[in-house]
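Each chain gets a letter, A, B, C, D, E and F, in the order it is written, and its residues are counted from 1.
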Amino acid sequence: MTLSAAVVGGSGFTGGELLRLLAGHPEFEVAQATSRQYDRKTVGSVHPNLRELDLRFSSPEDLDSVDVLFAATPHGVSMEHIDTFQDAADTVVDLSADFRLQSEEQYDEWYDGHVAAEYLEKSVYALPELTRDELPGADLIAAGGCNATATILGLKPLFDAGIMNGDEQVVVDVKVGSSEGGASAGKASSHAERSGVVRPYAPTGHRHEAEIEQFLGLSVSFTVHAVDMVRGASATCHVFPSSPVTKGDLWGAYRESYEDEPFMRMVAGGGGVYRYPEPKAVAGTNYGEVGFEVDPANKRLVVFSAIDNMMKGSAGQAVHAANVALGLDETAGLEFSGLHPVGTP
Amino acid sequence: MTLSAAVVGGSGFTGGELLRLLAGHPEFEVAQATSRQYDRKTVGSVHPNLRELDLRFSSPEDLDSVDVLFAATPHGVSMEHIDTFQDAADTVVDLSADFRLQSEEQYDEWYDGHVAAEYLEKSVYALPELTRDELPGADLIAAGGCNATATILGLKPLFDAGIMNGDEQVVVDVKVGSSEGGASAGKASSHAERSGVVRPYAPTGHRHEAEIEQFLGLSVSFTVHAVDMVRGASATCHVFPSSPVTKGDLWGAYRESYEDEPFMRMVAGGGGVYRYPEPKAVAGTNYGEVGFEVDPANKRLVVFSAIDNMMKGSAGQAVHAANVALGLDETAGLEFSGLHPVGTP
Amino acid sequence: MTLSAAVVGGSGFTGGELLRLLAGHPEFEVAQATSRQYDRKTVGSVHPNLRELDLRFSSPEDLDSVDVLFAATPHGVSMEHIDTFQDAADTVVDLSADFRLQSEEQYDEWYDGHVAAEYLEKSVYALPELTRDELPGADLIAAGGCNATATILGLKPLFDAGIMNGDEQVVVDVKVGSSEGGASAGKASSHAERSGVVRPYAPTGHRHEAEIEQFLGLSVSFTVHAVDMVRGASATCHVFPSSPVTKGDLWGAYRESYEDEPFMRMVAGGGGVYRYPEPKAVAGTNYGEVGFEVDPANKRLVVFSAIDNMMKGSAGQAVHAANVALGLDETAGLEFSGLHPVGTP
Amino acid sequence: MTLSAAVVGGSGFTGGELLRLLAGHPEFEVAQATSRQYDRKTVGSVHPNLRELDLRFSSPEDLDSVDVLFAATPHGVSMEHIDTFQDAADTVVDLSADFRLQSEEQYDEWYDGHVAAEYLEKSVYALPELTRDELPGADLIAAGGCNATATILGLKPLFDAGIMNGDEQVVVDVKVGSSEGGASAGKASSHAERSGVVRPYAPTGHRHEAEIEQFLGLSVSFTVHAVDMVRGASATCHVFPSSPVTKGDLWGAYRESYEDEPFMRMVAGGGGVYRYPEPKAVAGTNYGEVGFEVDPANKRLVVFSAIDNMMKGSAGQAVHAANVALGLDETAGLEFSGLHPVGTP
Amino acid sequence: MTEAECAECGATLDLADDLETGEIIDCGTCGAELEVIDVNPPVLDRAPELEEDWGE
Amino acid sequence: MTEAECAECGATLDLADDLETGEIIDCGTCGAELEVIDVNPPVLDRAPELEEDWGE
């Protein structure tokens, strides 16, 4: 069985990542990639790693009929075109924030007004570690926000194990790479200005708090820094639990939640150079790394998690969810395990 | 008046920085730089920016008599040689942690046993924003820890203004460059492994908590990450004050504390690319940048601060303190204002 | 059919790369990875991307009997152990320079004395673009030097097409990443010193000239610079041909040589951001990119080529050659097409 | 005596560098900095290292009358406004290519048509190592191109000493940082695309060949690569002299030419980590480093040179030339000796 | 689908039927930007380069 | 092969038969460095950490 797939927004960063994953996927065939700016140009002219792909961009105005349509467009685009997308494909996977929240009220609180709110409660959040049971057969799948994904993956086992219940004070300090901003970079994203920064780009009030609250029932104090990498999101969660916890308790909780997960790695101390989650260790992969440490003096837990924002944080998560939704092998097309050594991917 | 200066540990990173500053200082003349490994070699063979300096390393066994001796040696070395140092110079400025804490008890709590504890209460902490009044005439000056300095500079105005009193919950999430580790790097610090990391290298229990507690009376939840830069320390302090604070209150507090400080910049919002403190904006300089934002939804303040760990965080702070201690112009030798654009210094 | 494989020197950089490739290869199973330093430790403790691999290092003293043995040890080690290696495996693939040259004289000219010179003329150079016909059934395969590979791939089509005959003056100016130095890095390879360099590390007399001379019959003026990347080798060949050549001639030559090669990409002008070979576009892959431009004013051709030194320049080339030698699908295990965007891999 | 200075194009990269240098210069006072985009904004809002400077941008339409006007505008702007500039100031220093060549013919060969060609033969090239004697009293000074400067500084001693006469074959392979492109970066200069490149951005036909030809009477084969740094230009000159030369001859030649030059460093072998010219060793400074090696096997000399493109390659050179032109201390305002360690400035 | 030869590298390009004169397409082999000079039969020529687009 | 429990994370480790007292091995699940305290039956305890090895 080969499924046909289209990528709307194929010239963007996550769109390119989708094309890479789908082209290497045993069950998919890329039928279409859209771009307005690069209409008719080869996909390889934008994504040099896809020069072998014999495909040219086409206009998003003329969508082919496919089995699965992936939309990798800026916020607001998918909600406008959702009916067309659903006409073109039985399964739509959207990478934007348009269908991540479950109600119009939530959406309005954090964003600007939804033009297709009726889809909000039907859509399924893509992250299989969270929604594996709801995905099979889903029509509309919403891939999560990268920073939200990193945070949720880090904290979820603490909720599963009853170590947290949502009343705790939690500070989430995130460090992200420049690909998070997408392909249309402004002056602040030029190489000369963006190199070497530790730039507090969302000091407070980041919209990904909404997703975290929706899934964990937890209000977090969220701050995001841009650092000098292209791929990667690293979240450090400082948690103040109501009763003391040991490192052993934590290992128990995380092993319980993630031991059987195909894409989760636990890295929490030990020897060698890589003792805690590290974005460069998962760059290009769909893996998420989580780790933790206890700080009894401050009655604190520290949870680290690291993902590739373009993979586990968006395109990889989207393909993973599509695999589950369509009954394919869960890891199909997502086997790449990453590189070592590697610089600043 | 020209004062003679010696640098013990002149082949190291902060020792090289001291040599650079002293060589360019209008009131100092470098009489000696020690190194055991590079004994008799030119200073320029180790520090390529000092090729113009006509000086060779000599052994730390044979100290010249000088006006000021700077020690830039690993922890434990100065305490062993402090009597020799004081014989050699009227003023000793030490960059290690050996004389930063005021009592043996404190030292034992965080470190391993002091062999010259009688000096602890006599020494003066170098940071002039904190100790300007105690410095004039001091015999033994202890430059602060770089991460502690960044944190203390960020939080001090909140104490000065009564916004904090020490009972608050505070998370300090620090990001630092590789020069913090000094010149004798191991495998984890090789270019291949260290490039591009967001490595939680001190997840909990960092010793700089001791200095922060000593000066602010505040216990902080401290976590340090290594990121891909050579120079720089950036501290993000997440503070939960007991009563609500406005951005205006914060501006009032910070201006009150720092408006007349020659080396403090306030950067808190505004336009352009550089809206919050940024280590690369202060690289090579003795400036500290501080900024802040309020997060009413989470009853939180976020304070950012950025320094160059080798300057404001050690060698620059040491020279600044020596200037104050000796009655020189406070900014002498420290006028460099930094570069723009600059990559990842 | 599954073939068993061992990697001697599995804790090193190219050894880790071999393990990654073999673990993901449809026809191989990793039976053994040796390390003296990390004996009994998990492979994942050294190579964080291989945490899923359920394998511990063992001693090179106790080699299993396998189908293929890959040696990824420093120069001189394989020649000493070659008999043991050949006892352990029918096919030996060596990544060092020990068996690259065909005669003892050549070896002595560039290196230090060979202890198993009788193997020199039997070994086959791994690069399939050069030696595809000699590889099937080979017992001893010598993977090429990374800088030599980049150069040979760039120039070979000019020889194939008769544009060059070996009498031309050729300057080869190479730029390489830090992984070329292997895992045992010294002071010059620390992050603080190695970051951001354009360091002429082999100004003249690089040993890879020997391989180039052997295969192309060409003496080149070779200079190698270390630049700030971990993976990658980029060779710029400045060629002064005896008679004028047009860009069309060059396209003809390169298409003739490489159009059917599974791992060669031609990138020579065109639009977009990636107009010439770029190491980061091939990082993690077995692809080689070549491009060219004519400079009539100076009667010069400029040929660019880019590879990942750890892949096409060593481990990938080794696996590619093993595939050919053993009659497997040539691209098996080597399909990864690279990432976009990507920072400084 | 304090001289007043204006910088036209003060919001750009080299304009910012000029402002930094002039603000720290003992003899200059910055009277005006122009920008159309940032008119009325503080200089510090664009250049974070200049927050202490109490100055706002003003329009280039309203030029103050000053002693010296520096123009740091794109090619073509100065030639259009040269009369206005000369009305505003007795001494005009231009950083663009508009007045670097001496005749209209040369200009037309490499550029597009000059609208003020009558100034071409009156202008003096800024590089004092080349034109020190012509600078005193000059009205119009043209700062050199950064890549040309690196090349000329590298090769000039060989001409001075008669080792070269201009008939030699010379390949110049240059590596440059992103600040060379100026502040208005396009897609190819975004952090995600520009990071980690070894991009052949000028494979052939770079316009700086014109300056090199004009001053050395030498036609060079020039190729420029963009590498991952912000500041820096490194030129490797591969020279094939007509008769054999020893390393001793080279030391003689370079010492003769540069021993008394205040801004030239010779770095050619020796020990330590920094054995040849290195852009990061001169970042932020007005120093140029030159080094060399002989390659008897290929009858070749290799000459390395490294500068900061924004300093010795433009703004620093401009201030240096102004110092000489106006009879000031040659090194005034240019004493900064650089940083060690430093990452990727 | 019609075919045409790349003016840069000589490779054969498959062209869409609704190609228009003046359109710019890139060659899949060499990446050259080609201008459609004529459509029936299709003729392609190198498009003018936009060097300045490209950094530095 | 014998088995033992990791003192850090509780995972089960497969151990080589020729294990020696004092040897340090790492846990495949959590990476902890474990010292072999006893061999028959095997007992593992956390090995002393070498913080200073680890950069900064």
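Rule of thumb we're sticking to: a contact is a pair of C-beta atoms (placed from the backbone, for glycine too) under 8 Å apart; a residue touches a chain by one contact, two chains touch by 3 or more.
In this text the structure is predicted, and so the values were computed from the model without any measurement.
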Shared chain contacts [chain D and chain E, defined touch]: A, C
Of all other chains, the one whose Cα centre sits farthest from chain A: D
Remotest chain, chain C as reference, centres from CA atoms: B
Interface with more contacting C-beta pairs, comparing C-F to A-F: A-F
When chain A is superposed on chain D by its C-alpha atoms, the rotation angle in degrees, nearest 5: 180
Interface residue overlap between copies chain B and chain C, same or different (over half shared): same
Chain centre separation (chain D, chain F; CA means) in Å: 59
CA centroid of chain B to CA centroid of chain F, Å: 39
Separation of mean Cα positions, chain E and chain C [Å, integer]: 35
Overlap residues in chain F, where contacts from two or more other chains coincide: 26, 31, 54
Residues of chain A whose C-beta touches two or more other chains: 13, 41, 45, 178-179, 183, 187, 192, 195-196, 228-230, 267, 270-273, 275, 278, 341-345
Parts of chain F lying in touch with chain C, wherever the complex brings them together: 16, 23, 25-26, 28, 31
Chain F-touching residues of chain A, taken from the complex the two chains share: 247-248, 251-252, 255, 266-273, 275
Complex contacts: residues of chain C adjacent to chain B: 13, 178-179, 181, 183, 185, 187, 189-192, 194-196, 230, 343-344
Residues on chain B engaged by chain A in the complex (per definition of touch): 169, 171, 173, 175, 187-188, 192-193, 195-200, 203-205, 219-221, 223, 225, 227-229, 232, 234, 236, 238, 240, 273, 275-280, 291, 293-295, 297-298, 300, 302, 304, 306, 341-345
In the complex with chain A, residue positions of chain C that touch it: 13, 16, 20, 23-24, 41, 45-52, 177-179, 183, 229-231, 265, 267, 270-274, 278, 281, 283-285, 335-345
